[in-house]
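One chain, chain A, links the two complexes that follow: it is found with chain B in the first and with chain C in the second.
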Partner chain A sequence: MNEKVMRNQRKKQTIIFSVIIIVLTYLSANITGFNILHGIATLPEAIVWIFSNLYITQESLEKLPTILEKLIETILMSIAATTTATVVSIFLGLMGSKTTGTNGVMGVFARFIASVSRNIPVVAWALILLLSFGQNSVTGYLALFVGSVGFLTRAFIESIDEASLSAVEALRATGATYFQIVYKAVIPQCLPQMISWILFMIETNIRNATLVGILTGTGIGFSFDLYYKTLNYNAVALVTFSIVIAVIMIELISNHIRKVIL
Partner chain B sequence: MSLLTVEELGKTYNSGTKVLKNVSFKVEAGEFVSIIGPSGAGKSTLLRCINRMVEIDEGKVHFDHFDVGNLNKKDLRLLRTNIGMIFQHYNLVPRLSVIENVLHGRLGYKTTLQGVLGKFTELEKERAFFLLKKLGIEEHAYKRCDQLSGGQQQRVGIARSLIQEPKIILCDEPIASLDPNASKVIMDHLKSITLELNITCIVNLHQVEIARSYSDRIIGLKKGEVVFDGPSHRLTTDNIDIIYGTENRETRELITV
Partner chain C sequence: MEATTYIKRTHDGRITIKSGNKVERVMSGTLTVLTALTIMAFIFFDYTGLDLGEAFPATVYNLKTMFLEPTLSHFSWGEAFYQVGITLGLAFLATILGAVIAFFLALMAATNLSKEWVSKTIRIVVAFIRAVPTVLWVLIFAIAAGLGSEAAVLGMLFHSIAYLVKAFSESFEEVDQGILEALRATGANWWHIVTHAVLPSTFTYLLSWTFLRFEINFAVAVAMGAAAGAGGIGFELFMASGFYFDLREVGFITYMILVLAIVLEIMSTRLKNRYFPDSSAN
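Take a look at the complex of A and B:
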């Protein structure tokens, strides 16, 4: 009896939910003038285009050394942006955490930085920084750096908060100094998690670097943009393919590192 | 002069309610004192006023030659090296080894740099192993702490406080997360610390019977006030009723069993 009522109720909920989704989809499509049916209808055509244009040819393979060079440049920039952001974020994370924060003002400042730089997308940062630094690799680096600081600070604050409160209290009670506590209790306890976040950030940054590169004219994004605009679709395919391979490889490596340390 | 003198101690947290009111007592060197009282009575707060893990609002705490409420940073460190602390949840660094956690007890004696680099002398390491052996967990020295049972972890906590060479050890519900057997091991160790090393112990406890059988003296705390202070054998059921506010027999039995 009870079960029946519950099942009926669940059925009703499902129906209501579906109706809401359909109405929302219809409304938003209507307002933006996007024709769903038309979109679906052109899908086969798009797929045909992709297969007939985006393939790698012998000719485009000759560009491989240049592309690889750009790719490595992009990867290195992403890693550099992440590692420098890590240094800043460890400091901000310690300040922002309730466990290790020493000063209320600094704590608020750290959390403010984290939320501001995190809630603005990396692409927006790139566009903002373009205005003041122009189209060069510094702009690309800074855009990634700022985004990373926001994300990592937030992640580090959470890692520190949940991992080490009780041990920090114990070491404080033994008369240990602030830095002794940070090095002997906080870092050992949070390190695996922090490394995991740093690896995640490197992966994200390599993906973002392509997009940022298109805007700032650097790295693999620049190659992509160049070949795209010169209608060299075979080279575009090669660039895309090499980015995919690079991202997958980085992911495999970092998953392996995670398995070892956690 | 007594080792510890608490005079008219008062404490109010930000929330505004008075957690400790006019608390006064003295503890002599080598005493084993239990503090009992219902949840929220202020037992943990009282302990933390002694090593100033929380600030003292009113009154005075004198420990050894320290005026605990009036210490600069350096002297506060010195005070804390003289006071060991043991926690309900052991408060170890779970990912580090037993021996590393024990050596943390020496940090108070080191410069920041020595501590950060983990420079411990041979003597300190020998002492750490000696303590682990005495507490019966020597064979776990290189294991990570999170691989140990609760009772074993609490013994690591005791070793960490003993290596400080403290004059007093503050224990905040040291056996509240342990089964009866492990509890007995821990309480026996604490008792022998007082008897053999002449280190004073103040223990917050929830179990009245254990407090009665182990301690020389019991302090009963209720709503931030001392409502009983005397030798354990003088603690009567009437006193217990007052401390816990238990009028009926069943709840009293729940506490004293």
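Take a look at the complex of A and C:
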């Protein structure tokens, strides 16, 4: 009897859940003008198009030096944005964490900065900064920097909160100053976690850098946009392929580092 | 460089002692390399047309105008909500379709439910898809399928599938091996195992991951509107800043995106705390 009631209730919940999902899907399809059947129908066409147009030819390979130069610029930009954001985030993280925070107001301030800079998408930052900084690497760098500060501060606050309090307390008992506690107890404990987050951020930033590049006209995103708009699809394929190789290589390196340190 | 002994000495004869273990060396090595690359980056930056003395005050002024005097001038409140609806719709479609497809692919990618070569093949394909930035997928589909919501959803779908297959298959692999064995012993077929053991024990995880992806997809949908002409609030943002140079409108749109993103983040943090109390990764 009881089991039957529970089962019925379960069934009801499943049905309500499915209905909500279906209604939301229908509404979204309606508002965006997305036709599922059309979408499915174009998929094979799209894939055929990709295979018949997006391949690398001898001619496009001649552009490889320029593309590589842009790619390296993009990678360096992502790394620079991440490392400089790390420095800022460590301070914000220390202010925002419950373990090391000294002052409630500062904690709230740190969390607020992190939340705002994280939740305004990188695209918006790129467009806002483009207005005053113009078309150069610094615009892309700053857009990535602001987004990274938001994300890393949240990650660092979590890592610092997880670090054990006993080491901090022990040092406090010896009369260590605030910076000694941070430097000798908090940072050593969180460093592996922090490096892992930094590496993750670099991977994300390289992908975002392409997007920011398209908007701000810098780096590999600009090369892609240029070849894309001049319908040079072989060069587009080469750009895409070089991004893929770069991203996968960086992922492999950081996975290797993570394996050792975590 | 003594060939006779195996002890390395410094030039004044002292034995060299390596400080720390491998972990510390790798960590300090990583940090050193990153610092060096950062310095290189600043040297090689393209500073064309940049005047920092002018740009910083201008940014401060722009930000002040944006955030303190937000107004709408090119469209109405109703239109603004409609555009936000389009962005949410794109994100929702990409997420829900991605979740359904990823569920089946993840079943094939999970090592405890599938053959080794199948799971390896899927993993490699997924890694490749993930490595191509979403915006490139959308732009590529835009030529192949024509500009519009189809291209945007298909492009975002690709990335969502790749992300969710990884997350889902990891959840499936955590299912207790004993349960699977017990069901296999009763003669249950593969589909029975999936619906009666794997799905019930991982459902909440799948739901949370899907919601997390929805949160990401919202930001991606804004980006696609701006960079790939997919429509929605992102496109309005692009128009306001790139064509009308209307800072007040940019400010208004940014506020809208910010509020929605914070609401989504609060919801997903709640889900995360409820269902993954002890994991902090991703």
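Following the convention adopted for this analysis, the second predicted complex is superposed on the first by the 241 of 262 C-alpha atoms of A that agree within 3 Å, B and C clash if a C-alpha of one lies under 4 Å from a C-alpha of the other, contacts with A are read in each partner's own complex, and residues count from 1 in each chain.
The working rule: contacts are C-beta pairs under 8 Å (C-beta built on N, C-alpha and C of every residue); 3 or more make two chains touch, one makes a residue touch a chain.
The model shown is predicted, which means the values in this text are computed figures rather than measured ones.
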Clash or fit, chain B versus chain C on superposed chain A: fit
Chain B versus chain C as contact partner of A:198, first or second or both or neither: second
Which of chain B and chain C A:20 touches, first, second, both or neither: neither
First, second, both or neither for A:177, with chain B first and chain C second: first
Partner chain in contact with A:32 - chain B first, chain C second, else both or neither: second
Partner chain(s) touched by A:123 [first = chain B, second = chain C, both, neither]: second
First, second, both or neither for A:214, with chain B first and chain C second: second
Touching partner for A:167 - first (chain B), second (chain C), both, neither: first
Chain B versus chain C, judged by how many residues of chain A each one touches: C
Which superposed partner A:224 touches (first chain B, second chain C, both, neither): second
Per-pair minimum CA distance [chain C against chain B, superposed on A] in Å: 11
Residues on chain A lying within both footprints (that of chain B and that of chain C): 192
Interface residues, chain B side, partner chain A - complex: 51, 53, 76-81, 83-85, 87, 89-96, 104-105, 107-110, 112, 115-116, 118, 157, 160-161, 164
Residues of chain A that touch chain B when the two form their complex: 164, 166-167, 169-177, 179-180, 183-185, 188-189, 192
Touch list for chain A against partner chain C, complex: 21, 24-25, 27-36, 38-39, 42-43, 45-47, 49-50, 54, 73, 76-77, 79-80, 82-84, 115-116, 119-124, 127-138, 141, 158-159, 162, 191-193, 195, 198-200, 207-208, 210-211, 214-215, 218, 221, 224, 228, 233, 236, 240, 243-244, 247-248, 251, 257, 260-261
Chain A-facing residues of chain C, complex: 22-23, 26-27, 30-31, 34-35, 37-38, 40-42, 44-50, 54-55, 58-59, 61-63, 66, 82, 85-86, 88-90, 92-93, 96-97, 127-128, 130-136, 139-141, 143-146, 148-150, 153-154, 219, 222-223, 226-227, 231-232, 234, 237-238, 241-242, 245, 247, 250, 253-254, 257-258, 261-262, 265, 280, 282
